[in-house]
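Notes for the one structure printed next.
As written, the chains take the letters A, B, C and D, and residue 1 is the first residue of each chain.
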Amino acid sequence: MNNLKKAPPVLILEDVAVAYKIRGGEIEAVQNVSFEINRGETHGIVGESGCGKSTVAWAVLNFLGANGYVKRGSIKFQGQELVGVTGEELRRLRGDQIAMVYQDPMQALNPSMRLGDQMSEVLTVHRDMDKKEAEKRCIEMLERVYMPDAANVMNRYPHQISGGQQQRVVIATALLNNPALLIMDEPTTALDVTVEAVVLDLIADLRREFDTAIMYITHNLGVVARVSTRVGVMYAGEMVERGTVEDIYKDPQHPYTQGLMRCVPKLGADKASSILYPIRGRVPPPNNRPVGCVFSPRCDYVREICHNKRPELLEFSSGVSVRCHFAGEIEADKWSPSDDILPPEIITDTSPREPILKLDNLKKYYEVQGSSLKDILGLGEQRYVKAVENADFDLPRGTTLGVVGESGCGKSTLIKTIIGLEQTTEGHAEFMEIDITDEISTRGEDVIKELQMVFQNPDSTMNPSYTVGQQIGRPMKRFSTVPKDEIRGEVIKLLESMRLGENYYDRLPRQLSGGEKQRVGIARALASHPNLVLCDEPVSALDVSVQAALLNLLLELQQEYDTTMMFIAHDLSVVRFFSDQVAVMYLGQIMEIGPANAIYAPPYHPYSEALLSAVPIPDPSAEQKHIRLEGTVPSAINPPDGCRFHTRCPRRELLPDGGAICETEMPPWRETAEGHRIFCHIPLETLNTFDPVITQKPEGSNHVS
Amino acid sequence: MARFILRSIISTIVTMLLVSIALFVLIEVGSGDITVKILGVFATPEQRASYRAQLGLDAPVWQRYIDWLIGNDWRAKRKVGYPLVTATNPQTGEKDWYADVDGQLTRWKMEEGRLITLKRQEDGSVTSHLSSGAWKINEEGNEYFWGVDTKNNTVMWMRGEGAEVWALTKAGLRKEGDGPQKYIPLRKGLLRGDPGISLQYGRPVAVTLIPRIRNTLVLAGVAFAVIMPLALFLGILAGINEGKPLDRFISITSLGATATPEFVTGIFLILIFGIWLKWLPAVALFTSADAIFENPKLLALPVLTLTAVELGYIARMTRASMVEVMESDYIRTAIIKGMPKTRIILKHAIRNALMAPITIIMLHVNWLVGGLVVVEVIFGYPGLGYYIYKSAIFGDFNAIEAAAMVTVAIAIITRLLGDLAYTLLNPRIRYS
Amino acid sequence: MKAKTKKKSRLQKFWDSVSLILASRVATVGSIMVLFWLVLAFISLFWTPYDYNASDFLQNLGPNPQNWLGTDHLGRDIFSRLMKGTQVVLLKTRLPGEGNIIIPGGVAIWGVIGSMALGVTMGLNAGYRGGWWDQVIMQILDALIAFPRIVLYLVVIAALGQGDLVVILAISITGAPGVARLARSLAMDIKTRDYIRAAETRGESVWYIMFKEILPNASGPLLVDGMLRVGYAIFAIGTLGFLGIGLPPPDPDWGNMVNEARRNIFSNQLAVIWPALAIATLVIGLNLFADGLREEMTRYQK
Amino acid sequence: MLVKDYMTRHPIMISPETDASEAQNIMTENNIRHLPVVGDGKRLLGLITREKLHVPPSDLGSLNVWEISRLLSDLKVKGMMVKGKDLITTEGDITIEDAAKIMLEEKIGCLPVLEDGVVGGIITDTDMLAHLAHLMGATVQGVRVTIRMPDKVGESAKVTDVIASHGWGIYGGGGHDAPKQPGYWDAVLKIQGGDKEEVVAALEQIEGQEIIDVR
């Protein structure tokens, strides 16, 4: 508003380089980073893991550990140089003028202190406020961040509140002293999408209210697009491009930014927008960065000069600055993928095929023990965690079923039950016409080898003690699918189809990157040529540029081997890209299941609709409906009666009596065309009237942040 | 929380039970013939058998275990037909067993084939008279009588068939006639405070053990009071100065002290303070069981030895825990919140840092007890450890069982306390 | 070709571990102290200055050019006895029975091997299987831990008498609970990894998973712990010897040497120092070595 | 229009231990004239202004060059700032005109604004001028007319009626007693929607009012 008077930026970084001393030398984790943040502005910093974005944050706070230091450049906060500030002066800045929120709120809070004490000390220490007054302020602040039952929360300990609430406490604490600069390092990464959406809204509100400058660090391009006004893209310790969100997303100049935009699945209106083109290679580790342009080994436009000379930062009139020798010359629309990163052509075979997996009202309950004396003596009522309730579907051969849902929705339990790691409580499961209701120890080898699994975490998917070859060869040996002396050859063949060479055979897991480990994990799952592969978030721990390559590879292999897949993910865009069928789960119950396209378009289940509107989309020009779920996911021990979603359902009012029926009766399955089923009391006619969640903004309209 | 506590208590009880069985079986079954130790290698098999019967060793193991644990007077009572009670012997101050015959404290003895009733009067004197009508008749038509003899056994005599037994007297084994056919050496059992007779001293174990326990508690208590605050302080000090010279010094010194066996430390200390400097008595001269109360200076070297060994361990634990806590995210949060260093340490770190060591320290008490054995042996300190040592060397199984159970009880109870302290310190458990 | 690369990698591995040790000053000092005694032990197999059991000299001599460390109360050369004393701790175990059968590996080593075998089996079962297995095994371990160590030694020795095997048994039993706890916590950690899930979905047997999938990844901390335990075992052997219930003659036992010298402390004060120092340096050396190694390994992980 | 909505939040602040020369630098670099001096927790201790940083020549008269430079380098903000009862502050809840009045009365160019007892922002004469410019619609395009009208009820309504009837909008403006013409009122309006001629033509129709300036 007050745009006649230009206030100086709150934070100015100029040519900052941060180095860590290690045994026998030092590593420059961050080089030549410059940017500034104004009052009331959110400046996003995006980049893949290991690109130094957190280091920048810690450098601002001068918290680089014993072996890190700012080697060059200057960091000016409110006109004063921060580099070199120590002791009392630094302590006064921290928590008062500069506050920080980081990723895991559970770790960030002291487990043995009351939340109230942890919050109020910010006031009592910095402002010398008396305890009572401070507590009052804290409660006010908690209410401002929409914390339910704020006064009560003050007396609790961190483990007694949910993750989303913990993050609110952390944010409230950071804001108590009204800091000029708030640094947020992946504040929503540990949270579920619907909670994330609420927290992101909150951050935007607070920024407006307090005029705080926010430095927002994340790897998620969608989140940045939603919260920031300007954004800097970091790669391998450098800021390669910087500008307003609109400019960067609409017309990226740096080849890396362009590549990034191409490999992120976008939850656009049509499926074509979700074709992914990975960036070849991987992010170089800090101790092994190229001499010239850091991106040169992976760049499609690389020329001689890129290998020898580091590019200067070029500034455009639009305010966008780019670190590339050929910035402005590269036209992103003329790019065409080279063969090695071309996604596989998906031949959609629409002819119906026989189901390979049939689930019939499958249930999985866990017994829980209460903590009252009665329970201990076994007199209390036996209670259950109802992890999976009435899973009921058929999976046709050769197709992929994506299962989405937030953490704790039972999607992992579902596949664990199918694969036999958990005993089914009730219901029936059949795989290739063989009963698989019981645990794996009761199954024959012929069933076991047809059912394999790919895991989430690349760091734990492989046994660190054995070589790649041994691990891929083990299933072949165990199921005797390959004669002993041919195992090596077979493993190498598999490795090659994973785009890993023979030289990987004798490597140990610690010599591989995350993406390579995941490939080996897939190879191991495919080694016995299973008919059904269950994938548990196989790409969610990987960087986007690697993720795309792996997804494409999986698709290719599925076509080659005619494998059926179940694919679990929390990321709706990945699932859409990958699946033929999608099931949406909430609190153990499948809420909606059907062909992928049908799920992402009306009619929606109210929960799917809320999920879709919560997903941050890496496209500032996309418009999303604003639906936010209130409250937290109820405990699976005592799930709500009737429809499990009724406690949070934003669409209940559409029913007579405000949806009284939802509280008492299980909803019916409502079936649309082409096998799309919705588990809801609201009649299809009404559901059909919902608008699509994601639409494209009309061209030229102002983006108001 | 109720669940956690209840669980600890149940586990404690089960543990004690398991330990007592293991201990009993190991000692009573594992150790060879105890009579070799007591009667010497020249005793005849007949003498041994007789003596074993007198000790009740001819009963099956499970029977002996139950007798040992909860006593056998309730079992003997059924045989005698009267309630069995104890009364203090005015001469020795120890308890003697009597049958309570209509309010009269009664014992019996057999003399030249005749059964004599001994009735103890109010004033402690004993009247004796013949009781020929007391005999009962069994199926085979033999006359027998179950009664309490003057050596605190419930015994069975057969009329006219006085067995020949070998009695152990101060002068050695003596053959006696008129002996009983069966013995049940009366005891109240460990749980009721009577672990039996010490074979070494010939007196009830409880009587000899209690002053020893007291002495040891004094030694351990003083040592504990010195060690705990000092060790925690040093550990925290080292932890917050991680990597600095002060930390190096504390760490290396405590490592050295911990890794040096107690007897080595003890001897070095004797050499230094007792022989070279002559500040303290080199050998603690515990002339009486109460010596430590008369001359507390005697405690100095034993306590110092224990401190040297234990201090390091606890300090190192505390240090490690402190270092871990200081590297945790919530401490980082506190620093980023601009909290002063002292506040971070006192308010944020210490409580969390003490959680882990406290359980470990409490677990470690049995290590301390182990150390006590050595320290007491070095200094000739009349405590529990020395007692166990002596009993073990002698093979005095009643004594060693009792003493070992006491140490185990101490260890387990402190562990229980540690669990409780942990519960109180850790809100995660407290509020679940 | 293949064999060659393997050989090279083994050499490489050896060099890796050496450099790991050298990287830590603490571990280096510790390994020097341990090596010193190991070398002495090997030399003593072939040569000692004098007969370790013969009273060839005057009694209670101080250090002199002939007897470097002096003589004991029976006029035996202390240095020879110290050297000889290393053998039974580190290098050999005397089996009971006829014929003086001797097997390689000292009492301390076998004791630790025993406790490792026992503890690892218990710990893996408790940690991986959980549930009732865990409850029962932990209860047994609790009972074992509740015994003060020395009391347990005393009880075992009171029950079974003296002898190398009894000492090994005592060390195994007392050490097992600690190893089991460590193995259990490692197993509980490792069993959450996805590769264990992968093995389970392959339908591997429980024993395969415990010993082939879990154990190799737990071996690092377990080995370091074992190293520490050798120290504890020597500590314990010394203590038992001191109490007069340790390793039986004829071989000299350091703890017993301390005990004997203590009785004559007024006539020869230094005699007590040498064996005491020997025990202390060996134990401290092993401790430093293990400690430094552990620190270096965790730094590697970071 | 309250102070808290128009003040500068998160002003640059310095600690009392800052060197005077450093303070001078900060002011020059960031082109500002006032710096609140705060302790831990942004508790206001004083205010330093450019004028306050000038060392009176009389203090320097008797010193040589070296002594002067030493004196200057030793000067801390602490000793030079406005403090105690000379330090005038305000709360965020007062109106902007009240703040202007205070500044006029006290002849100061800057008011630190306290929120919860700590510095929440500052409002300066520059802010006031910017505010005035905004009020008058200086930041928007449009026709600026000054109309002189009798000082009585209902006159403004005539103007707004005319503007509304043409579908135009008022994007700023204000009023003042007509200089040297008692009983009259000068109203300034920034009007968007019509061009100059249209606006003049329309407003001229109003009886008893006179357009005295159009631009």
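Assume a contact is a pair of C-beta atoms (placed from the backbone, for glycine too) under 8 Å apart; a residue touches a chain by one contact, two chains touch by 3 or more.
All values derive from a computational prediction rather than experimental measurement.
Which other chains touch chain B while also touching chain C?
Per touch definition, common to chain B and chain C: A.
Which chain's centre, taken as the mean of its Cα atoms, is farthest from the centre of chain C?
It is D.
If I average the C-alpha coordinates per chain and also across every protein chain shown, which chain's average lies closest to the global one?
Chain nearest the overall C-alpha centroid, as shown: A.
Please compute the C-alpha centroid of chain A, do the same for chain D, then give the distance between them in whole Å.
The separation of the two C-alpha centroids amounts to 47 Å.
Distance from the CA centroid of chain B to that of chain D, rounded to the nearest Å?
Taking the average C-alpha coordinate of chain B and of chain D, the gap between them is 87 Å.
Could you tell me the distance, in whole angstrom, between the mean C-alpha positions of chain A and chain B?
60
Compute the distance, rounded to whole Å, between the mean C-alpha positions of chain C and chain D.
Their C-alpha centroids are separated by 82 Å.
Taking each residue of chain A in turn, which ones touch at least two of the other chains?
92, 96, 125-126
Could you list each pair of chains that touch, in label order?
A-B, A-C, A-D, B-C
Along chain B, where are the residues that touch chain A in the complex?
Residue positions touching the partner: 1-3, 6, 243, 328-330, 332-340, 343, 347-348, 351-352, 355, 425-428, 431-432.
Can you list the residues on chain A that touch chain C in the complex?
Checking each residue of chain A against chain C gives 419-421, 440-441, 443, 445, 448, 451-453, 455-457, 460-466, 471, 474-475, 478-479, 506, 521, 524-525.
Which chain D residues qualify as touching chain A in the complex?
For this pair, the touching residues of chain D are 6, 8-10, 12-15, 17, 22, 26, 29-32, 39-43, 115-118, 120, 126-127, 130-131, 133-134, 138-139.
Spell out the part of chain C that touches chain A in their complex, as residue ranges.
Listed in rising order, the residues of chain C that touch chain A are 5, 192-195, 197-198, 200-204, 213, 216-217.
Any idea which chain C residues touch chain B in the complex?
Residue positions touching the partner: 26, 139-140, 142-143, 145-151, 154-161, 231, 235, 238-239, 242-245, 255, 258-259, 262, 265-266, 269, 272-273, 276-277, 279-280, 283-284, 286-288, 291.
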